[in-house]
Each structure stands twice: as structure tokens, then as C-alpha cells.
Amino acid sequence: MATDPTVSAANKQVRLNQTADQIVDPLVPAPYDNDKAVQPPRSGFRNVVATTTTYLVLTALSVIVLFPIYMLLLRALSSPLKYISAGQPLYPVSIEWDVFNRAFGQASLGRSMGLSFVVTFVIVIAQLLTAVLAAYAFAFLEFPLKKLAFVLVIGTLLLPIEVTLIANVEIIRKLHLLNSVPGLTFPFLATAIGIFLIRQGFLGIPRDLRDASELDGYGHLRFLFKVAMPMSKAIIGSFIVIAFLGAWNQYVWPRFATDRGAWQTVQVALRTIGSENPGELNLGFAAAIVASLPLLALLIFFQRQIVRGLTAGAVKG
Amino acid sequence: MAAPARAQTRRFGNKVKDAGLAYLFLLPALIVFSVFSYYPLYRLFWYATHTQSRFRNKPASYVGLNQIKASLTSNDFISGLTHSGLYMLYTVPLGLLLGVMLAVSTHRRLKGIKVFQTIFSSTVASSVAVASVVFITLVNPEIGYFKNVPWLSLRNPSTALFAVSLSSVWQNLGLTFIVVLAALQTVPDELIEAATLDGYGAIRRFWRITVPLISPALLFLGIVLVVSALQAFAQIEILTGGGPGGATETLLFKIADPRGIRPLGVRASYSLGLFVLTAVVAGAQYSIMSKRVHYGD
Amino acid sequence: MSAVAFDQVTKKFGDTVAVDEFSLQIADGEFMVLLGPSGCGKSTALRMIAGLEEISSGILTIGERVVNHIPPRERDIAMVFQSYALYPHMSVEKNIESPLVANKRAKVDPIERLRRVHEAAETLGLTEYLARKPGELSGGQRQRVALARAIVRRPEVFLMDEPLSNLDAKLRTQTRLELVDLHRRLGTTFVYVTHDQVEAMTMADRIAVISEGRIQQVGAPQDVYERPANLFVASFIGSPPMNTIEGKLQGATESAPPAVLTAEGSISIGHPGSAVTGSELVLGIRPEHLHVTDPVDTPNALRGTIQNIELLGHERHVVCSVGTTLMTVRQPNDAPPVAIGQAISLQADPSGVHLFDPTSTDRLN
């Protein structure tokens, strides 16, 4: 459908002027624009009532959704014993501003955060590398047993770490990799989801581009780094963010691949921080807040990528 | 383009030349998968068909399928299965419903809607461990804000699992919201307008037009939530430690066996049970998704 | 009684005025085409009739009713969207039936529904496709389903938003005929939006030419073609477009009729209308009213050089540079042969001359 580009830009501007931005963006293919109204326009007084009601409902829902987080913050800052004896009000009691310091000091929060970062980075980079290479093979190369290889990759979806847990723990133990970075990362160096996502991105590269590169004399490696990956930047970005999310949030594996306190990632450490002493409960809550900060940062700065990564399998376009 | 002679020298699609490179590229991933996915599967079978001896140096003895059979029919396994099933029941319908509610409420032109959208998707930033700690502040029997609410009691065996599952429901809000909202946004403007012109009222329009059109996304979410329920462990360990009296021990919890009370062979049998369960869910997903007719684009 | 009447209707999006004081009467049973370039406001005007856009000011009536605040489903209209907007999860039959079951209050009974659906399907040749889903149909078929869904309601007014733009050229021509035929058979008022002037010319009873939210001219196709009200209409309608050149009006003398003097020669014209002698104006002349002659310095010709010759099979278009402008001449194939680079003179039929005011762009004669 051909529309004069300057005019459709003008149209878009007109529409943007009248509507609010949306958090989710170009997942929607043109020509449908992002600003969708559910109801037809209504006029005058009825409109005002409807709008106010909507705002009220949305605010109420927001309060419900945010309440647990508020509680966490509240309990992190309040002195645990005094808060309880004050009858658990909805406002902070006897604020201990040094709780974060103490979490880092006493509870070695810094160490577990650091370990989490290391483990996460290793996993994400490794997953990226293995996924890109494997995806390239599936997307651009022909070879015997290609179908079998694909099935093998799909098969791993039936074997998440939860299923293979105890066997993998034994393997790591036998390799003397308990309580080590390799032990924490090895099972996750490759992931089928990553391979699929990036393969999808590669397959989206127009045939013409491949032919043109071939005519220009590009070898596979050159094509991979100079064409395929740059053109799949969006999907790769999304994958990196989702992989980070997954690796950072892991609990089951780090819990059982380590048995020494010094080797706890932050998620595992959350179980025990502050639990020895009822007067130090707030350390645990503060630690939970700190443990969420990297992800909050991701959500704020890489919203688009997160959304794209999460919806890649679910939503067309 | 030149004549067929090119086919032999084509870089892309040349089977013989490609194979070497392909295998090289696939090697890293396949190695990881073999060592940490497929080999463990074999080991699980091995553990399940052998009993470990009490003594370090005595080898394990082969018992065939007896151990598997006994484990999978034991009360312990059945209770784990039941608890996992209940967890699914608690988290999936509620999760979908709430996600749809939140998404629909913010799928409109309104000033500042983006703020609400950010708020509703925020729980996607929480991990299971964090969500569990958050819920300690709400349902923990000693210090939880709602500790006196009877149907949220972690001390009562019949309500404990439900209370724990709410932490998952809350955590899943972000994900379900984001996915449903994205799906709603793929429903073309003109389709909704056509429905309005046809005479559909807002509610009928939602059920007759919108819901069918976002059903693939809803199905996808349903599967994701089911799988996530099967993987419930951290929240159990952090909130109840499996209690009261084992009332919150899901299948995975029993497999992970933090207190070390189950023999390896039994746990391996349970793992195989979990494997079958996961395969069934994945199979269901595949058949449902592929049955889905691709609507005209 | 007019089917649809716009009375000073305005539509604003924030500060942007999309439709500016539209006043238009569309007669009952008429095929009215809203014609204009993309973004001119024609679709907005259509959507206001449908009730999909709110009216900022002015009065819109359908039939005898003022409909400004009446919801779409109570306006007795039907609309065919550019993308057809068919429900992908419903069969063709269910799609067509949709308007009859959508409104719970106004639900039509099952037997009558079946009858109407089949009637509509037959009218549009869709009977054998009733069980299929839209995804299985071709573009042309989908469009007919959209039409069937519209006619099954038996509305007072049909609205169409560029329904042919997603079809390939051949299908477009065919469907044009079918739509005109449909209009004849049904006798309902059609309000049709398009940017394609060929569609407008071939289908409309009357055309409303719209630019930047304002109606430029309303009239029967031939009238709009032969007497465009301003430069915009003159250059928008007609293919190849009207040639224009700037000049000064010279009054009639005893020996010569009035003429327009341009940098490349002068052209005799008929009656100068309201143009004032000595004033600057823009002269318009359609390609079929220009003739190529040898460069003998006749007083009534423009000097030019042939830049390009386009052979169309049934005629040819000779593109000439006249001073700084380009002018196109339509010639039959048997006209004397010409060559690129040839210096020629262009003579104009005085009856085919249009004069426009250079600032207001309004027609002068």
C-alpha cells in the first residue's frame, strides 16, 4: 500500500499529538499505528466521568501491585523489632538508614552481588557465542543430519535444569567444580531458546542481501560479523537482556552447585541474610532490594528489548 | 546470474563445503547439551535403576525398574505431584485473568497511561527469591502484614500452598501484562472500528473479537505459567521450607530434597517423573500451537 | 432530502485542523466521491460520517437526523475499510452475518439472517466461499466479503475508504465496474474516498475535490474536468495533468482577440472572464488542447523544444520545454512525426484556455 511518506509522517504527527505514548513500541507492523483506542469516542460529560473512573481504577490497581514492594521497602528501613511492637503500621518505624551498609558489611552482600555479576556475565556471553554460531549454522548452512541436530536442540527444552538437577550436581561434584564459577555456569553455556531467537533473526535477513554478499566475495565469517549480526542487532539485544534476566534470577542451580557461604550468589544468599537474628530481619529485606536493582535498571533502560524478548514467541509481528 | 555451473561453487547452500563449518559452529552448543542435558538424562535412568549402598566403597546395585515403579506410586510422590498440580491451579488461571485485566485497563489513549504501564510491568524485574522475600513481609506467620488472615496462613496445611502461590501470581503479573498488552496492540484499529460499526457493544466486542484474536498469546502464556509452576522451588524453600508438615512440598522440592532425607534413586525416579510431565506439557503446547490457524496477514 | 449533509463541519486534532468548515450536501442515492491527495482530510470526513471521529464543530446530518452525538451503530451506515477489516477467526458467512448479530438489542431472527446473508453472498458471487476463512481468500475476494458485510445491513449510506487501493491494477478496473453496477442495483447513497482521480472520474455522480481540509470544488466529473474552480483542481484532475504557464493579459484589439503574453510567445484566448487587462495570471491548457506546429513565428504560439516523446500505443505524449516549464501535448499516432530536440511551436485552442489568479489560484474565466 503506497502512501506518500511525507503525508503519512504528517498523519502520524497528528495522531501523536492527540494520544499518549505507549510503553510497547514497534512490535506492531505498519500501517496500524500504536495508539489504539478500545472505545469509540464519546462526547462531553459522559467522557469526563468515564475518564475519571478509569484513572481511579488504574490507581487502585497500581496500589495493589505496588503494595508488596512498598512493604519490602518499609520493612527494610524500619527496625524489625520496633516495627513489630508498634503493631505493624503502614508507615516506617524507627528508620535505620544504615541497613544497606550493614547488609554489605555483615552479610557480605557485596561478595554475593559480585559473584552474581560474574556468573551472569559469563553465562550471557557464553550463551550469546554458542547461540550465534549454532543459529548461523541452522540459518545459512546446509549439512547432513541438519534435521537431527535441530531435534537435539529442541530436545533440550524438555530437559531444563530442574529435571536434570541431581544428575548435574553429581557431575559437577565429580569434576570437582562444586563451589566454583565453572560449576555455576557450565550447564548454561548454551540454550535452545537463544539459538531459536537468533536463528529467527538471521532468517529475517533478505535473500537478496545474502546473494549480494556472496557476489562481493564474503566468506562465512565475514558475512556473520559484518552483515548477519549487525542486521539482527534488535533480536540479539533482546536476547542479551532476557538472558541476563534469567541468569541473574537463577536460584535452583546456584543453590545446589555450592555448599559454602562464600560461594552463594545473591539470590541464594537472600534465603539466609538476616535470618539468624530477629532484630536483623531488615538486612534480608534490604538485600532483596539491592538484588533487584540491576534488573530495575534493565527495565528502565532496556524496556523495549525486554518486551521484544518476552513477546517473541507469543505475539506475531 | 550465471548458468547452473554456479551451483557447485555457491557458498550458501553448498552441502559439502558447508558441512565442516556447520559442525564446527554447532560443536560448542552440542557439547554443552550432551554433557549437561542428555548425559544427565542417562545418569538419571542409571540412578533410578540402582540403589546406592550405605557404604562409600560398596558399588550401587542394579534393581531394574522396581525402584522407579515403587517411587512413582508412593504417597510421597503423589503428594508432590498433587502439590505441584495445585500450584498450577492456583497460579495459572489467576495469573492469566489478572494479566488480561491489567492489560485491557491500560490499552487506551489516556494521558499518563505509560506510567501505569510501567508500574504494571515492574514485577518482571523481580526474581523468585526476591518475590519470596517480599512475601515474607506479607504472609510470614510471625512478621507478615497479613499473618492473621485465615486463608493466607502459612501455618495451616490447607492454605499454606495457596499463600505461597500468591507470590508467584504477583511475580508473574509483569510478564503476563507485557505479553497480553503486546497482543492487544496487534489487533488492528480497523477491526475494532468495523466491530463498532457492526454494532458490537464494548463487552461483546471484547469477547467475540478481541479475545479470539489474542488467544495465541494467551495460550503461550498459559504454557509458560504451567512450566513455571512445575519449577516452583525457591518460594517453597524461602517461605515455608516445605511445611507445615510437608504441605507445600512440590515435586521439585522433593527432588531437590534440601534436608537430604530421600535416597538418590528415589529422587532420580521423581526426576524422571518430572521429565515426563514436562514433556507432556511441551507436547500439549506444540499441538495446540500448530493447530492454530494462521489468520490472513 | 439529502442523505448526508455537512454544515460547516470542522475537525481538529489538537491544534491541527484536519477538516476545515466543510459544507457539503450529498443527495439521496448519489455516488459521491471525496477526492484528494493523502492527508487532505477526506478520510477524516468519511470517518465523521461513520461516527469514528468526533466532530469538533458544525452539524452533520444523515437523513433528517442530526447525528453528531449518535453512536456509530445507530447511524444506519455501513463502511468498507481500506484493509477490509474482516474478522480473521470467523468464516466468510459469519463475517457477513456479523452486523446482524452484533447488536444484542437489534438482533435479527435466524431465518431472516440466513436469507439476507445468502442474498448478499449471491449478489457478490461469494456463495461458494461461505465456509472459508478470510485468510484463505484472495484480495479481491476479501474485498467482496467486506462489501457483502456492508450491504447485508441495508443501510441508508455506504461509506468506502479507498477500497481499491490494495488491489492490483487489473482487478482494480474490474472492481470499479462492479461497484458502479452495485450502486445502480442497490440505489443506496455511496460516499467513496479515494486519491485516484481516474476512480473518481469513472465512478462518481459528483466529485468533491478536497485539499488541506477544505472543499475545493464540488461537481459532476465532466464539470470538474472542464471548468476547474482553481489551480489545485485543475492540476489534480486529468491525466496527464494540465499544463500551466505564467503570463500577462493583453486586451482585445480591433485585429486580434484577447491574448495572454508569456515569455515564450502569446496565446489567443476567448473571453477573459473577470481577468483584468494587464494583470499577471496563470494560464492553464490541457494536453489535448495543445497542438504542435512548425516554428513559423505565428502570433498565437509558444516556442518550445521537444524533450521527450512517450508512445502509449493509442496516442503519444510529446513533452516540450517551454522556457522553464514543461508542457505535454497529446497527439494521435497519425500526427506528423516529431523528433527529440526539435524546435516547435505550440498552438492552443482558445476554448481550452483556463485562466487563474496567481495569488488566489481561483478561476477567472
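A, B and C label the chains in the order they appear, each numbered from 1.
Following the convention adopted for this analysis, a residue touches a chain if its C-beta (ideal position, glycine included) is under 8 Å from a C-beta of that chain, and two chains touch if they have at least 3 such contacts.
Since this is a predicted model, take the numbers as computed values, not measurements.
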- Message: Can you identify the chain nearest the overall CA centroid, using each chain's own CA centroid?
- Response: A
- Chain of greatest Cα-centre distance to subunit A: C
- Message: Taking the mean of the C-alpha atoms as each chain's centre, how many Å separate subunit B from subunit C?
- Response: 57
- What whole-Å value do you get for the distance between subunit A and subunit C if each is reduced to the mean of its CA atoms? 52
- Interchain centroid distance [CA atoms averaged], subunit A/subunit B, Å: 15
- In subunit B, what residues contact two or more other chains? 188, 190, 193, 196
- Query: Considering subunit A alone, which of its residues make contact with at least two other chains?
  - Reply: 18, 40
- Message: Can you list every residue of subunit C that touches 2 or more other chains, as numbers and ranges?
- Response: 51-52, 72, 82-83
- Item | For the subunit C and subunit B complex, residues of the former touching the latter | 50-52, 72-73, 77-79, 81-83, 85-89, 98-99, 102-104, 106, 133-137, 142, 149
- In the complex formed with subunit C, which residues of subunit B make contact? 188, 190-191, 193-201, 204, 208-209, 212-213, 293-297
- Listed in rising order, subunit B residues that touch subunit A in their complex are 10-15, 18-19, 21-23, 25-26, 28-30, 32-33, 35-41, 43-44, 47, 101-102, 104-114, 116-130, 132-138, 143, 145, 170, 173, 175, 178-179, 181-190, 192-193, 196, 202, 216-217, 220-221, 227, 230-231, 233-234, 237-238, 252, 255-256, 264, 267-268, 271, 274-275, 278-279, 282
- Query: Which bits of subunit A are touching subunit B when the two form their complex?
  - Reply: 18-24, 27-28, 32-40, 51, 54-55, 57-58, 61-62, 65-66, 68-69, 71-72, 74-75, 80, 84, 88, 129-131, 133-134, 136-137, 140-144, 146, 149, 152-153, 155-160, 162-168, 170-171, 186-187, 189-190, 192, 195, 210, 214, 218-220, 245, 248-249, 251-252, 255-256, 267-268, 270-271, 281, 284-285, 287-288, 291-292, 295-296, 298-299, 303, 306-307, 310-311, 313-317
